[in-house]
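For reference, the structures are reproduced in the following blocks.
Both complexes shown next keep chain A, but they swap its partner, so chain B is in the first and chain C is in the second.
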Partner chain A sequence: MIAREMFEQFKQRFGPLIVRADLPSDNRLFVFVDPSSVRYVTQHIFRELDARYVATIGADDRPFSGKFLVAHNFAFDKEHLLCGILAYLPPDKPQIDSITDMVPAASWGEREMRDLVGIEPVGHRYLKRLVLPDGWPEGSHPLRKDTLWNEVPAQYDPEREFKFDEAPEGCMVIPFGPFHPTLDEPAHFRLFVEGEMVRGCEYRGFMVHRGIEKLAESVMNYNDIPMLAERICGICGCVHNVAYVQSVEEAAALKPPPRAEYIRTIMLELERLHSHLLWVGLACHIVGFDTLFMQSFRIREPIMWMAEKISGNRKTYALCVIGGVRWNITPELKLELRSVLDKLESEWRPVVAAVSHDKNIQKRTCGVGVADAGQVKSMGLIGPVARAAGVDIDCRRDHPYAAYDRVEFDVITEQGADVWSRLLVRAKEVFESIRIIRQCLDKMEDGPLQLEIKDELPIGRMGLSSVEAPRGESHHFVITGENNRPRRWRVRAPTYQNLQGIPAMIKDQQIADMTISLGSIDPCFSCTDRLETVDVRSGSVKVWSQEELLKLTRKKVEG
Partner chain B sequence: MLKNLCQKMFGRSLWVYHANSGGCNGCDIEVLNALTPYYDVERFGIKLVGSPRHADVMLCQGPAMRSTAQALKRAYDAMPAPKLVFAIGSCACGGGLWFDSYSVIGPVEKIIPVSYYIPGCPPRPEAIIYGVAVALGLVDKKTAPVAFKELELPIPQYHPGDLRGEGELVVYEKAEKV
Partner chain C sequence: MSILSKLGETLVCLKAGRVTLPYPAEAKPLPEKFRGRPIFDATKCIGCAGCANNCPAREILVYDVCQEIRILKYLGRHCAYCGRCADVCPEKAITMSQEFENGTNQIGDIQQRLELFMSTCQRCGRCFKEPSVLEQLKMKGYRFDDLENERWIFRSQATLKGEPAVDDLKIELD
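Right, the complex of A and B next:
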């Protein structure tokens, strides 16, 4: 009864500030507080109780409660609790105190909320537009319920170009992207360099917005959305698919049959296998080790075939429906999967041995792109990036879902905090995934694949789900709604957090290390940019303020 | 006509540039996959290049987004003629799942002329290679008339009204007032 204990603790501490609380299950807690005390409560949770910041969500709740809703989600990893701090805001001029001075990681979340829902974070220090373009008229917010999903305001001006910040004195600007050779997806970085050294950068991304959340809230239904969710990202699609379904199931208090849970676990781990092998290949390609690039793709291919045999498609598995899964793993498939795993393991072992003694790779990656434990906490970095800095978090163990509470595995950590450690973490996690799948195959019991759902899903309930994607924690938040679709669905993909750590990672590094540093978080821009935005010039993110950069540059000049 | 042109112009080798204008990664990886040992398109002289200025062919993935339309157009203009454009995946061919979302313009043909379409979500590497091989005249086009029928999907859909049932949901403790 962690949720209840924590709630008692809050009650003693904050007393009358708490307006209402929902305890949907043992490890979920929603606390509604007075808007003016959000800052105070989050400070306590983040600083004293040492919670990890997860996501900020803004929602237009006016058609239902006549108010706006803001949620800051936190995770207590050791206590296995996911907790939301929510506040209702008045319908006219919604605003809330910013928490970014305590929790820098909330910066993007709050700016996104301001752009899309029109909730003003008061006291945020860098309120440049994040998601919406400069050509988008003030006061038009696509995620408000009175805007249609295919509506572009008449005042929208596609010609208006984005204004970049001036480069600091003494620095050259190098544009990087939007279509570049090392990464597949469009994103644009402007590097401020001094000689060979990178002094700062400005990120202009959010180019892959497809309006997914808005589509889901306005035209799809509960069982369409899993297919939409897995097309958020082609690499870790199944993660989004499962995370969405789980958050709806949680909101509706449904429990899928055990066999379905095992199958979900197996598919998630298969996906992790192919994603990690892909990443190791690409990372080697970036540092110029093409042999291993080819090798790891060769080793990876049988996994894709296996996935196709199980689900009928190599990538987009279309695995989940609310309350279950659609594909079965038959005894023949089981046998075949086992032999694929055996082969994979025997082929991957020599690769890891070769890589971990390779002096060239070590030289290119040791001490590059460092993000230490302090940054992990303040920027909310997750996944292999956090684990490579010795921060022992893994949603599979901390917030177990599907069948992860019934299998044994180790969480791999390293201490180096650099690209090299991230490489090691990923390479070793492959073996853990193989171990997990084998256990699932052993333990999987017979039974139905889907739950029979007799009731209509309840309305207005909230569900949270965190799933450990290959890149880190993928967090979904759902409020169930009318018309067979959710009212609000918010996706926080892992790259959304990890990308915010990039400026710190590449600062004062050689420009040649930029690509591998960026590559090391395994960025997935289509995940990050899943929202709605319109212009190429949109969404510049400058995580560094001008003053800081200037100060940096000056220090260099003086020194 | 196009086929003759292809054979004449690109007889020996084809340098391709791949541009993702806003899809998920699915199609990207399949294109990458086509380069790796199992499929190995380099044996047909097909090579991936990093700049549109070196390329004969552009492989487009993902729908045309409002945000990337200009960049896509610029990349296309930067390619030397004669040039071909392949639309890879349902997104590039027809706009995909999000064809009418307000941040999406639609299929890439709305921005640049497309010569060949390779559908699929994502298309298999074999399909991509086959498409390119057809363009090169290495294999013949195989077509057969197919009539599609809408299938009854075995997925339950919960519509309010017809599924109203008994039963109470137990776990959710609502609104504990303090």
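Right, the complex of A and C next:
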């Protein structure tokens, strides 16, 4: 009943400002307000009701309602409620008041909305281009419905360079990236340093932005998209797969069979296990402690083999379709999974015991990359970064999905707010994941794997789903549509929020700590940059032009 | 205490022993369910094009040469090995094989081309019942993919004149 109570509270407070409200279930609330009052309403929700900012979504709804749509999603974690504040904007010159001065975390969301949908956030202080390549002409917005999915505007100029900000006085500039040994994916940080100390940075990313959302909205089907969603990320693929499917199921009011929910939970936890082990290894690798890197990868390997046995692949599980799962966990697999978990637990325990007293790692990580509870709130940081700062949030418990409401587990928190605490949180969460999988194996009931879907999915319904990925909350928002595909699908990956906290984390720190600070959020640039139409090379400081580079590579290949 | 933790770490390493596998000299056996390159069985295939309609990567093309001959081509370029084609195939003509070492200089090595002799049912004109409504491709017109350029075509202009067709070809009508 929490959605209804919250809505009554809104009604008393805002009254005539509310145009319409949808309460699809107990834990979901969509409030449509007048565009001019969005700022006022979000301020009240964020400040006084202490909601957590989740995502900003812009959508082109012109072919259907003749208007643009903007949604700011918030989460009430203690009340177990996900809430969207939506507003329809007029079709010509869509504008909305920016909420970034109250909710700094919305900065990227609004910049992305401006780039891709062309909705102008009025009053945003830093309206630099975020997603689109620099040579992309003004006034062309890829996510508008009248832009084709494979369209490159005629005025596109791949040679145009990115204009960097002026460095503050007395500061040197050190480029970090786009290709850097500690980054597995391209992102460019321009560090402003004073001696050894970092004073600020400018970020230019979205270089591997691949147009996934546009592709899904214009080319693929409901049941094709899970396989695409899974490829958003190489580590938390199953998370995106499940989050997409759950948001569609929620929009269409479908309930997957209980066995399917348990299997989803098991696969998500398997993925968390392998991701945590991988990250602890990588973090140690970044600080130069390769012994543990090797060991955690060795301990992780049986999990990959187990996933391969269950789903047919080490990493891309291709697990979900709308209304169920595709792979069964047979009694033989159950037995094997149990023995793999036992072995993992017995091997991981001595590693954690040894590492948690290791002075060398502590010296490199304690007090480094600090993001305290205040920053967590204002920048919308999530996952292990938030939990390491003592903020007790976890989607698995706060917004239960799949079978998480039927299992018991503890949410691990630490108080240090630094890289060391993040390491401890992730190392300890491994045991909780093992606990969850064991409970699922015990409780799993027999039954069908897939729901029988007889009717077409309803049109124009909204669904949202938050899934706790290993590195934070992954949020999907879907509006169902015609032609067997969604009208709008928005993915907010965890790194999208956590990366915005990086400038604050690295400020006034030594430049040598930059790598581990960045590594500590487990950045996944492929998740963050998920929607692109063209290859961007112009974002980097250019020495070679694209043509020259191409010529050079061709010469190399031929010769 | 740090010396103790170092000793602990040493113990973890010593206990592990040697774990490197001698791949590729010796291949690790694959699980039964492994999803490798899909193999099409021309003798079982009835040419319903269910696989082509449900391939997320659009890797399977269908082209009707004439009323009786249908060509089904698997391109093998960016197949995701998701196994949806094998799922929806009503005749189980597609198996996900154990082959994963598919690196090649010649794409023809992994492409497959099926020439199917079709006899159309005069009553219904189709032969594929989708598992659910979600598998239906909401496509009007004929399946007429561009085999030469290996492109999937969404809609043939034959039935949808004037509408902006995506990645379309100009199909000449008789």
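We adopt the following convention: the second predicted complex is superposed on the first by the 532 of 559 C-alpha atoms of A that agree within 3 Å, B and C clash if a C-alpha of one lies under 4 Å from a C-alpha of the other, contacts with A are read in each partner's own complex, and residues count from 1 in each chain.
As a convention for this text, a residue touches a chain if its C-beta (ideal position, glycine included) is under 8 Å from a C-beta of that chain, and two chains touch if they have at least 3 such contacts.
Since the model is a prediction, treat every value here as computed from it, not as a measurement.
**Student:** Given the touch rule stated above, what does A:Glu269 touch, chain B (first), chain C (second), both, or neither?
**Tutor:** neither
**Student:** Please work out whether A:Lys359 is in contact with chain B alone, chain C alone, both, or neither, and reply first, second, both or neither.
**Tutor:** The second partner, chain C, only.
**Student:** Give one of first, second, both or neither to describe whether A:Asp398 is in contact with chain B, with chain C, with both, or with none.
**Tutor:** neither
**Student:** Now for A:Gly237: first (chain B), second (chain C), both, or neither, which partner does it touch?
**Tutor:** In the superposition, A:Gly237 touches chain B alone.
**Student:** Between chain B (first) and chain C (second), which does A:Asp455 come into contact with in this model arrangement: first, second, both, or neither?
**Tutor:** Both: A:Asp455 reaches chain B and chain C.
**Student:** On chain A, which partner touches more residues: chain B or chain C?
**Tutor:** Comparing chain B with chain C, the partner touching more chain A residues is B.
**Student:** In the overlay, answer first, second, both or neither for which of chain B and chain C A:Ile212 touches.
**Tutor:** first
**Student:** For A:Ile18, is the partner it touches chain B (first), chain C (second), both, or none of the two (neither)?
**Tutor:** So A:Ile18 only meets chain B here.
**Student:** Would you check which partner chain A:Ile322 touches, where first means chain B only, second means chain C only, and both and neither mean what they say?
**Tutor:** Both partners, chain B and chain C.
**Student:** Answer with first, second, both or neither: which of chain B and chain C does A:Glu261 touch in the superposed model?
**Tutor:** neither
**Student:** Identify the overlap between the chain B-contacting and the chain C-contacting residues of chain A.
**Tutor:** After superposing on chain A, chain A residues 148-150, 221-223, 227-228, 231, 294, 298, 301, 313, 316, 321-322, 326, 453-457, 482-484 contact both chain B and chain C.
**Student:** Write out the stretch or stretches of chain B touching chain A in their complex.
**Tutor:** The contact residues of chain B facing chain A are 18-30, 32-33, 36-38, 50-52, 62-63, 65-71, 75, 96-98, 100-104, 121-122, 124, 154-161, 163-167, 169-178.
**Student:** Quick check on the complex: what are the chain A residues that touch chain C?
**Tutor:** 148-150, 218-225, 227-228, 231, 291-292, 294-295, 298, 301, 305, 308-313, 316, 318, 321-323, 326-327, 347, 350-351, 353-360, 452-457, 482-484
**Student:** Show me the residue ranges of chain C that touch chain A in the complex, using the header's touch definition.
**Tutor:** Against chain A, chain C makes touches at 1-2, 4-6, 8-9, 11-13, 16, 19, 30-31, 33-35, 54-57, 80-84, 87, 96, 132-138, 154, 164, 166-167.
**Student:** In the complex formed with chain B, which residues of chain A make contact?
**Tutor:** Residues 11, 15-16, 18-25, 133, 142, 148-152, 158, 178-181, 184-186, 206-212, 214-215, 221-223, 227-228, 231-235, 237, 252-253, 278, 293-294, 297-298, 301, 304, 313-316, 321-322, 326, 450, 453-458, 461, 482-484, 524, 526, 532-536, 538 of chain A touch chain B in their complex.
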